[in-house]
Structure formats: C-alpha cells, structure tokens
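In the two assemblies presented below, subunit A is common to both, partnered first by subunit B and then by subunit C.
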Partner chain A sequence: MRSRRTGLAVVLARRSAQGLGVAVLVSLLCFLVVRRLPGDAAYRIAAGRYGYDLVDQEAADAVRDELGLDRPAWQQLGSWLADALQLDFGRSLVTSRPVLDEVGYYLVGTLQLAAASLALAILLGGAVGVLAARRPGGVLDRIATGWVAGVRAVPPFLLGLLLVVVFSAQLGLLPAVGHGSASSIVLPALTLGVSLSGLIARVTRDAVVEVGQSDYVRFAHTKGLAERWVLLRHVVRNAAVVLVPYLGVQAVILIEGVVVVESLFAWQGLGHALVHAVFWRDVPVLQATALALALLIVTINTLVDLAVLWLDPRPRRLEAPA
Partner chain B sequence: MRRTVRLAISAAVTAGTLGLSACGGSAGSQAPADTLRIAGPFEVHSLDPTADGEIFTRLQVSETLVTSDIKGELAPSLATAWSSSTDYTEWEFDLVEDATFHDGTALTSETVVAALEKAAAQEASPLADVPIEHLHAEDGSVVVELEEPYLTLPAVLTHYSTAILAPAAYDGEGRVTEVIGTGPYEVATIELPASIETKRFDGWRGEQPAIERVSFQTVGRPESRALMAVSDQADVVFGLEPAGRQRVDSTEGVGMESSLQPRTILLKVNAGHPVLSDARVRQALSLALDREAMAEAVLRERELAATQLLPPSLAAWQADVEPLGHDQDAARALLEEAGWTPGPDGKLQKDGSPLRLNLLTYPDRTELPALATAIQAALAEIGVDIEVEVANSSEIPAGQADGTLELALIAKHFALVSDPLVDIAAVFAAEGSDWGVMNWRDPAVQTAIEGLLAGAPDAEARSHRESIVRTAQEQLPLIPVAWYRMNAAVNDRVEGFVMDPLETSWRISDLSWAS
Partner chain C sequence: MTETARSPHRTDHLLSVPKAIVRHGSHTLADVADLRIEPGRALTIVGESGSGKSVLAHALMGTLPTELTAEGSMSIGPTRFDLADRRGRRHLWGRELALLPQEPSLALDPTMRVRQQVAEGAYGWRPRDAAALRLADERLDHFGLANAGSAYPHTLSGGMAQRVAYAAATIGGASILIVDEPSKGLDANALELLARLLDDHLAQGGLLLMITHDLRLARRIGGTVMVMRAATVVESGPAEEVLTTPAHDYTRQLVAADPANWSFPWMRRATASASGAEPGVPALVSAHSIAKTYGDRTLFNDVDIEIRAGERWAITGPSGVGKTTLGNVLLRLTSADRGTVVHAPGTGDGRLQKLYQDPGLSFPRRVSLQRALRDVMRRYEVPEARVHALLAKVGLSPSILQRRPTEVSGGELQRIAIVRAMLPRPALLFADEATSRLDLASQQATMDILMSELDEIGCALLMVTHDRAMASAVADRQLSLEVQP
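Coming up: the complex of A and B.
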C-alpha cells in the first residue's frame, strides 16, 4: 500500500515537471517553426481575415502595422510568453477573438469526439478480441482477423462516406454532418471507432491468449473457478495491463486531430483549428492549440501510468528499491 | 465457455443498441419543419462586415445603403435615392424612413455615418479606396464629400463591407460583437465558425417574408454537401462538384440551379518578365490552350471555355472581338517568330536557355490546381516547360510586390461591387494590380478607363469599353481560361429560388414553401 502511494507521488511529480517543460518547449518551437515557414505572414493573415478576393498589398500592410509583425522576433516571442505566464493568451490574429475562447471551443469538440470514438473502439475491439481469443485459430478467430484487416484497410474517409450513405442517406437514421446535437456525433465517432477497433481487437486477442496460457489462469481453472470469474478477475485485468498503455497512445492520436474525419462531418475540432492556424500564420492560436495538445498528452500519459499502477500491484523497479 | 461467448456477444449487442438508441429518430427532427436549411462551404470566422460580412448580407441580416438587383443593376436598400453634384465630388444618399435595427433602435444618419467610417478605415474594404474627404449626417440623409470625382460610389456601397450595423453591435474598441442589422431576418444563434440561425424580424419595414426561420451550416467537404442535398438534410446546398451534381440530377425532389458568375479563371502574366514581355509569347501561350477540352474535363461544362476576358454575364462589356481559339501550329509559329526554337529534346529554347516558367495557383477553389496541371500539359505539347506551384492565395499579391511572380492562375471576380467598372479599372491600373495586370500598361486602355471613370456619355462609354476589351484580347496581359458557374441544389419544397450572379443576397425573403 505504502509503495503504491509513493508510486503515485512519483508519477504525479514526474509528470508535472514534464508538463511544464513540454509547455515551454512546445510554444517556443511553434513560434520558431512559424517564423521559418515560407511566405509573408501579413499576407497570410490578411487572406485569412478577408478572403482572397480582398487581399492586396494595402490590406497586408495594414495588418502588418496593426499587429506589429515587423517587430524583431524576440520582442514578439517575449511579449507572448509574458502574457502567457499571466494566462493571457491574447487574441487570434485572424478572427480577433480571444484565443482561449477559440481553442476551448475546438478542444471540447475534439475531446467529445475522441472520448466517444475510443469508447466505441474499446467496446467493439474488446468484444471481437475476447471472442477471437477463446479459441486461437478457430472460426471466430479467423473472422476476427478478417475484421481487423478489413477495418485497417479501409481509409477513414471512405468508411465515413459509406456510413453516411447507409445510415444517413439510405436509412435516414442519423444526420450526415453537423456539430452540436447529440445525434451528430454518432457517425464521426463510429468512423473513427471502427477504424481503431481493428488494432484494439488484435492487441486484446493476443493479450488474452497470452494471459490465458499463463500458470495463474490455469491454476484458477484448476481450483474450479467459474469461467466468467476467471475471465473477469484474472484474464481481463492482466490483459488490461498491456491494453491500457496501448489505448493511451490511441487516445493521443485521436486528440491530435483527425482532420479528414472532422472535415468530412463538419465537426469542429482541434485538427481543423490547427490546420487553419498554420495556413493563416495565426501564431497565438497555433501556440495555444499546441500547448493544449501537449498538456493533454501529458495528462493522458499520467492517467495511463496511474491506471497501470492500479491494475498491476507488483511494485515496479523504479519505486521498489527496498 | 459458451457462457463467455454469450457474455461477449451480449456486450457487443448492448454497445450497438446503446449507440443507435442514443441517436435514434433524431435525424429528421434536426430542424423544425418551418426552417429553411442552407448548407455551403463558406466558414464564418468573424462578425466584422469587412471580414465575413457577405454571409450576413446573403442571409439578409445586414443591409447596405445600395444593393444590386438580380440583373446586377443598382437598387435601393437602406438608401432610397442618391444623387451627386455635377462634378461627382459630393454625393447625397437619402435614407429609408422607417428602418429599425434588430435591437429596436432606429436607423439614423449618424449611425450610418459611424458604420461607413468604420468600413472606410479597413484597408481591405473597397470603401478604403474611395477618396473620402468628409462624411456627414444630414436630416434623413448622408452626405459624402470627396477629394476627387468618384462616379462609382453607389456601386462601392453595395459591397458587404459597407453594411450598416447598430451602434450596439460594437464593443468599446470598435470590434463587432453582435450582428445587429436592419434586414428582414435577425440572428437567433451563432456558433462560429460553422452555424448561424436566423428568424424573421418583426420590426422589418417591408412585407413579412414567408420563411420564418433559416439555419445555415458550413460543410467543408463537397461530398458531404451532396449527400445532404440528396438525403433531404438541407433545402439549399451551395457549391456542388460534378459528381455531386450528377447525384442531385438523378434524385427526385431536388433540382440544380445555377448562374454564370462575373468571375473569370485566368492566367495573370508578369509582362515585365524577360520571356513574357513579348506579346507574341503571350498569344502563343493562349493559342496552345484547348479551353473547351479543359472546361469539359475539369469543369464538366464545355460552354465555360472563355472566349474573352469578361464573361457574358457582364452584358455591357461584350465586344465584337475574335474569340480566343486553340491552334498549336500558330502557337509554335509565333514562338519561332519570337526566337524560341525546339531543341534536341523538343523543348523550346533561345540562345541555349529553355523556355521554362513558374505557374502559381491556390487550392481555395478546387478546380484551380486541376486546371493548372491541364495548362501545364497543354503547354508541354508545344515545348513550353511549366512548373506548377500550389500555394496560399496570398503568395500572388506577395509575388506581385517583390516582382518574382511569372504566371499565376487565379479566379478573378469582376463585380465585387455591382458596377464592374470599379474592378476593371483596378485590374488594368497602370501601376499594376494584385489581382490584375502586372508590369503592363497601354495608353488606349488608360484613356478609356479614365474616360469611363469621368462619366463618359453612352456612345462614348461604349467605345471606351470596346477599346478595353479589344486591347486586352490582342495584348493578353491576362490570359482568360474559363468562366465560372455558381450552383446550388434546391429542394422542390422551396419555391421561388433564384441564383444571384453577384451573390449579394440569397433573396430568402422572396422564397416560400411549395404547398
């Protein structure tokens, strides 16, 4: 118990330090990368604001003056960092709206979609994986292998369109696109969830097979424990030690923005915001978005560490010097 | 063993049912039956009229002083009439009497002056180019004093950036926080960047429109928009691609509406470039283009092949000139005359250096990159080596500014304000123009434009216009490629839909539900 508590403290301390370091590094990198991109930022920002029909040299010059884009780079970075330390992320260069509002809006969209997709992927992939693992090499296992290969082979864009054609255009059950209403998340989440479920099924299957052949599971069988309890208490828990870190990685991929799926379903998420911010050289939005992503990744990794710590009571090397 | 299988199956089934029941039955009930659902590719990132104001004039939330009718002619809006001094340096706009903003306050000449001053201060607004000396409010009218004559001021005031918003629409720093206009529809909810809902404004000074509520949704992918149109999830869907149009055509209950826009896809040419300064080279490039085949292949409509710079929708600007044609032999002959002969590899060269040009375009309009590669292929056939670069649209004004631009494929709108003269004068400006000529000037064209801007009488104006069109056709400082058609899928439930070629307004107040 004691070692677990120290384990917890160590994980949290290490991850917080990591979070801070990542935050500074990411905002610095974003700034430098945008400075290195080709093209004149004033023109890009003007194009983002007014659309290309209205962008000309005068509009670009006005933007440059207004935003002080001809100040030296270190001054621009310095003022951003100083403001960021006071939690003032400024306003978007393009839309002039507060960056926090803007990024917050897209972040919520992304989190909703990522959570829904991950839940669907776990349910689908987990079910397929457990079924397949019951008899390795059996019919179900082979069907599952087919499923894994199938969903991995179909690109999300195509899968999304297929789902829209079936569920929206043909059956009329769900709205094809949209953002906001409860029903509009189903198709994008299903698209991502189904794509993801393939690998989850594969990893689950292998983990369950491996755990199923272990001595402790055989012992559980021998002592006469009912099949369901063997599965839930021994197999699932032990397989989860392998699965949870894997899911953490998948969650990160989902949150980083699945731009294609977001644009197909007109879902407002961070991927969309990120792409626009890069196109438009909207540095404050880009920095804040990247910062949010970096901190989220640290958070997810922390949660994964904590979950594994809880799932796997064996003291780990780091925390068990005694 | 069997029990576990059952467990897993029931888990999967539960998951599926949960998923479906969470959403079940709500697709059709997304919007109440009396809502007109519009979908289009346009994102709305700002409430400022200069930035994304077109969406609010199209939705008839905000209004400008002057507007354009379906034929593109000036029409009264918030101004009922306008007149100018004989030398066109002072204009007076009489305001409509009983207009109220959506917040209940009355439209006054002071609020109009304040809104116009804000627009004039924005460089991107066409109003910023007008030499305004002073704007002042009179009783029931607004007077614009100019530093020099400006005939097309009423046309500039049709531009969406000059829409009049209520004083309460701005915050302390002059930023627009709410769109409070005077139109027949008021904003109900806005969720930037993708969703706007409006409802009928009870205080509207005109006849109450038949459509009660309107929802607008931004949908980026054309495939998604086409599916919305055919599955009855939107009543009006703008911007369909050829595949989507075919889908709509084969679906009952939905029809396609379209109109030719005053927009031309053209090659902007740096006429100061050592190779391109020779008019024969420009003519040869033009002759090498099989415009009909390109229009057929990329735009799926042969008739969109341009025969001259200004599209037929600008009726006053049509002149009796020989249409641009396709003739590879003539192109080769012209290039040979200019000193370009085929090298051993078939590519043209002069004094050992190859004829190689850079062609810049941007992906905002999906057909541009495709047309750029078609042009690349067509020019390769006569031995001209083109390197296509797809970049951000702003690279074009940037390339103009630093002089590095060679060729650019652009889609130029010739009636951003309702009088094409404003745009045409800018396109042919002697000092060059970001979205027009580069390092090219012609005395005949300058005289004609000055004459037109000074208000030449009818017959003289006609000859001026003809002179511009003819010179442009011969000299090709801009090489026209194709015209542009704007389309929309419209559900049969909607009656009275007309496509406005200038896209000033979607004329929702003229629509009704088919009984």
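Coming up: the complex of A and C.
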C-alpha cells in the first residue's frame, strides 16, 4: 500500500512538471508561428473587428497602436507570459471579451465532444475486440480485422462527410451542423468515436486473447468459476492494464481529430476556436486555445497513469529483477 | 446433491481410466490403459519432460490445448465421461475435480488480492459473497497464510503462492486433486509444506494424481508410482518398490540421475576438508558487505564471500530471491548498491566465465555455432585442436558446429556453451542454473561433463541453483539466500 501511495505522488509530481514544461514550450512555439504568418496582423485583426469592407490602413494603424503590435517580439512575448502567470490571458483582439471566458466556453464544448467520442470508441472498439477475441482466426475475428482496417483507412473528415450525407441529407435523422440541440453532438461524436474505435478494437482483441491464454485465467476456469465471472473479474481488468496506457497514446489523435471534426460540424469547441483565431490573427485566443489543448493532453495522460496505478498493483521497475 | 458436493471429500468413489490416448495430429503423446486412483492412496506419474505425463493429466481434467485430441474414457464412481468431450467435465471443476497448476505464481491474477482469488473458488460463489470470503480467510489461516489475504500475488514467495493456489483450488471441496509438477522452483522447506497438504488431502479420503519429475517428492508422498517414457507406461507399482528396486532399465537411469544418488570421480563429498578456507590459497573474488535492492525490495544485504582458487561454491535459495543477481555482482556484471567486490590480479582476460541458464539466449541465433566459437578462439588465441579436443570430451562431433543454435537440442547447446566457456582456461566459472532446463538424465550427463573438465583444469565453480540436493552433490561450500522481509 505504501508503494502505491508513493506511486501516486510520483505520478502527480512528474505530470505537473511535464504540464508546466509543455505550457511554456507551446506558448513559445505558438508565438513564433504566429509571427511567421504572412500578411499584416493589424490589418487582419481590424478586418475581424469591422469586416473586410470597412477596413482601411487607418483602422489597421489604430489597431497596431492600441495593441502595441509594433513593439519588439520579445517584449510582446514577455508581457503575455507575465500576464499568463497571473492567469490573466487578456482579451480577444476581435471580440474584446476576456480570453479566459471565451476559452472556458469552448473548452466545455470540446470536453463534451471528446468524452462522448471516447466513450463511444471504447464501447464500440471494446465490444468488437472482445467478440473477435472469442475465437482468434474465426469469422468474427476476420470481420473485425476488416472493420479495423476500414475505419483506419477513412480519415475523419471523409467519414464525417459520409455520415452527414447518409444521416442528414438522405435520411434526415440528425442535424448536420450546429451546437444547439442535444442531437447535434451525435454526428461529430460518431465520426471521432468510430475513427478511434479501430485501433482500440485491435488492441483490445490482442490483449483479451493474451490474457485469455494466461495461467491465471485457466486457473480461474478450473477453480469452477463461471465463464462470465472469469471474463468480468480477470480478463477485463488485466486487458485494461494493457489498453488504458494505450488510450493515453491515442489522446494526441483524439485532440487532432477534435480540430478537424469541430470545424467540419461547426461544433463550438477549442478546435473551432483555434481555426478562427488563426484566421483572424487573434493571438491571445490562439495562445490560450493551444495551451488548453496541450494541457488537455497532459491531463488525459495523468488520468491514464492514475488509472493504471489503480488497476495494477505491481511496482513498475526500471530494471528487471535477475 | 448439494449436500454431497459440499462435504469436502467423498470416500466411496474411485477414479478409473480404462483407456486414454492423447494425440497431436498423427503423433501419439500419451497412450495409457487401466489407470486407477483410490481414495487415500496417491498415484504419482514420473518421467522426463516430453514423456506425456502432463498431457495425460490435462486429458483427464479436460484442459488439453485445442490442438491436442484425446480419446478414451474415465469413470468417477458410477459416472462415465468421454475424454474426447472437452466440456463434459466442466461442471465438476472446483467441486469434484481440482487442478493445482504448474506455476502457482503465474496462476494467480496479478491485479487481485489473494483473499478474493481464493474465495471465488468456493462452492456456489457469488460476487461480494461474505460467507465465501470468511471461508477463504479460514483456509488461508489454516495454511499459515493468515496475513496474506489482503496481499497481491507479486508480494508472495514461490512457496506462499503455491499454498495460496492450493487453497484456491481446494476451497470448492473437490475430492479429486490433480497436481502438475508442483516442485518447480520450490526449495526443500516449501516442498515439505506442500507435501503435508497433500498428505492431509489423502488422509481425508481424497484422491490424488501427481505429475512430477522429482523422485524425492514421489517417494515422500508414497502410494503408487507410474513411470512414463515416450507416451507409454514402462513400469508401475508401490512407490518404495519402484524407486528403490526398479525393474526397468529406464527407471534405473531415472533413479541414478537424481543428484542425491550421484557418484562421480570428481565429487569431493568424502574430503570435506575443503570447507575450511585454506590460508595459502589466494582469493579470486572477494566481496565485502555487499547489498542490492530492486525497487523497494531488498535482495540481499551485508553479504561477505571469498571465492578461492579451486573452490566449489553454491548459492541456493528459492526462486526470485536474488541468487543470479548475487552471482552477477560477484562477477561485476551488475554493480552492487553498497560494499566492494575485488577481483584478484590475473583474473582478467576472460578468466572469469559465466554459463547461462538458457543457452539459446547466449548464442547469436542466426549465426552458425562455428562462427560464434571462432570469435572466442581469435580473442583468446585458442588453437583449433583444443576446440576439437573439448568437443570430443563433451561427446559432440565437430560437424555439429556447422548448425545454428536453433538446430541443436538444449542439452547439446549447453555442452557447446561449456566448451566455449572453457576456451579461455577460466579460473572461475559461474554456472547460473545451467542445467535447470534439462531433464534429469541430461542434467546428470551435463554436470558430469562440466565438473570433470573443471576438476581437470582446477577451475573454481560458483553455481546458482534452487536444487539443494544438486548443491550438496557438487559444491563444498554453500551460501543460502532467504527471502528478505
């Protein structure tokens, strides 16, 4: 027990340090990338505020003065970092609302979408994987392999369009875009969830097959335990020890998918906000959004670490005992 | 029905197998007739690995791998079962027919507390079954594992894991117990505790089928012994009779291969004087208060050892206790956390050699043995003639070197590994469980070859083994490692 508690402290300390490092690095990279974008930032921001038709050089110069865009780069970065340390992310250059409020709003949207699609992916991938594992090499296994390959081969934007064509345009069952009603989350979550489910199905299948052949599962059988209890008590938990760390790896793909899928379905989330912030050169929103996405990945990995710690009591050694 | 199944042991039933055949494709792995197990009298099947004894047990249990087929029948009391029907005996598992698996530490779920794993074997178990948990605690307590209930399997020693597995296998009250190679990796103490559990099972009128290659355990449990070789039974009868005055040549070989019965010219047991360190002989390796820890587990602490020229040391102890690590530290293949290891001058240049447990891992897989040996010959400027002389001594023809390591048997490969280790004329050889993967006959032959060679060139030996009988047959000094708290 003592080792588990120290394990918890180690995970939290390591991930916090990582979170801090990621935050600084992402902010820096973001800033550099924005500086390298072509075009006059002040002009783009003014256009974002007043519309392209009403913008002229005068308005752009006013924006430049107001925001101090002609200051040296390091000064701009320094003042942003200093403010960020006090959790003051400034105001949007376009809407003038506090960035924290705006990003908070979009974060909720992204979390909803990510949670829904992850749950869907685990449910779908897990079910396909477990079914395929029942008889390796059997018909179900081969169908599952086809499913995995198919899902992996179709990129999310294409899959999203296909779903829109089928469910919105043809069947008229679900809204194609938007963020208002509860049913509008179905298609974006389905797009992401199905994309992610392929690899989860594959990993689940292999893990369940391996665990199913283990000595402890055989022993559970000969102890006289009924099949469903063997599955629930021994197979699922031990397969999860393999699967859960893999979900952490998938987090990057999830976030990447979020950006594409949100834009496709006009879902009000961080990916959507990020694309617009890039377009309008809304640097504070851009910085904060990228930061939120990066910290989201660190958070998911922290949760994964904690889940593994809870699932598997064995100490993780760097050196194998001889 | 419920009442009879719940009472731990029925004494009126007999297990009989008129005929049992196990095949892999067209290859027969076991072909046995007229097997009878009576209440209170053990049936032990002995034989070397590959003799078919283990598949026979699994055929009776109904746990054969799917690629093997069984035919024949088995009767428990008046009920007859078809061995070909794999699922036909599932409802007996845990209630009437129990199996103690081969590697208990692998047979326990690493993510579940011990108490839960024992409780789920109880008759009519349901999730969150308080009565089953109480019964599990009682059983664990009875086996001297009162504090292990809330532990996870990775914290248990090999012997403890075996007793936990025993508790889990028998909590359902099965009267027929099949025990598959229970002695693997257990030290003498743990083995005696297990033997007492099996005695108890028999004393209560239980039926016991034991599969083992450990003749000492077979003799200790008594009852009837069946000797299997190449899928068939060559001899059977009362344990004492078969193991003391074997009628069949093969049984005689088996008995002679037991380290306790060894008799070789290189053995020093008569001259026990070597145990007192002779002051004139220089120490090759001297270690002072060395300690090593892995994670939060202490392997050993404050160990002092001096290995002098020509001495034969054995490090013994249960598996996983750190024997190999200690040997590696002494050869400075691994560093100690604390303490010093000093090698005497003149022990460099390949004069400290190691023989690995799995020879397959100590040769490059895709390269012929010839090339693997030639590198060593070039490094230590060994003439070709010496390699051939050594090969002749270990009973191999030079042509075997044309093959790759995967194309020779484990026993042959270990003999080639011995030849390779001898090429630099070592002053000390570290043999790390060098024969534990071989069956008794090959183990005996390999140890004879190794020790004859060491004896001839006066090389010291540091052997790591969990087999105390082998340690006392070979070594004149022993260091015993115990599990650290």
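Simple rule for what comes next: the second predicted complex is superposed on the first by the 302 of 322 C-alpha atoms of A that agree within 3 Å, B and C clash if a C-alpha of one lies under 4 Å from a C-alpha of the other, contacts with A are read in each partner's own complex, and residues count from 1 in each chain.
One rule holds for everything that comes next: a contact is a pair of C-beta atoms (placed from the backbone, for glycine too) under 8 Å apart; a residue touches a chain by one contact, two chains touch by 3 or more.
Note that the structure is predicted; figures quoted are calculated from it, not measured.
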{"item": "Side-by-side fit of subunit B and subunit C on subunit A, or clash", "value": "fit"}
{"item": "Partner chain in contact with A:173 - subunit B first, subunit C second, else both or neither", "value": "first"}
{"item": "Which superposed partner A:48 touches (first subunit B, second subunit C, both, neither)", "value": "first"}
{"item": "Angular separation of subunit B and subunit C about subunit A, which is computed from CA centres of the superposed model and rounded to the nearest 10 °", "value": "160"}
{"item": "First, second, both or neither for A:265, with subunit B first and subunit C second", "value": "first"}
{"item": "Touched subunit A residues, subunit B compared with subunit C", "value": "B"}
{"item": "Which of subunit B and subunit C A:60 touches, first, second, both or neither", "value": "first"}
{"item": "Touching partner for A:130 - first (subunit B), second (subunit C), both, neither", "value": "first"}
{"item": "Which of subunit B and subunit C A:161 touches, first, second, both or neither", "value": "first"}
{"item": "A:221 touches, of subunit B and subunit C: first, second, both or neither?", "value": "second"}
{"item": "Nearest Cα pair across subunit B and subunit C, whole Å", "value": "11"}
{"item": "Shared subunit A contacts, counted only where both subunit B and subunit C touch the same residue", "value": "none"}
{"item": "Subunit B-touching residues of subunit A, taken from the complex the two chains share", "value": "39-40, 43-44, 46-62, 94-97, 120, 123-124, 126-128, 130-131, 134, 161, 164-165, 168-169, 172-183, 186, 190, 227-228, 231, 263-266, 268, 279"}
{"item": "Subunit C residues touching subunit A - in the complex, by the definition given at the top", "value": "61, 63, 90, 93-95, 98-99, 101-103, 106-112, 120-121, 123, 125, 127, 152, 154, 165, 168-169, 172, 294-297, 299, 320, 322, 324-325, 328, 334"}
{"item": "Touching residues on subunit B, where the partner in the complex is subunit A", "value": "1, 3-5, 7-9, 11-12, 15, 19-20, 22-28, 30, 39, 45-46, 48, 50-52, 122-126, 128, 161, 175, 191-195, 217-221, 223-224, 227-228, 230-233, 362, 364, 391-398, 400-401, 413, 416, 433-435"}
{"item": "Subunit C partner contacts - residues on subunit A that touch it in the complex", "value": "3, 214-216, 218-225, 229, 233-234, 237-238, 241, 311-315, 317, 319, 321-322"}
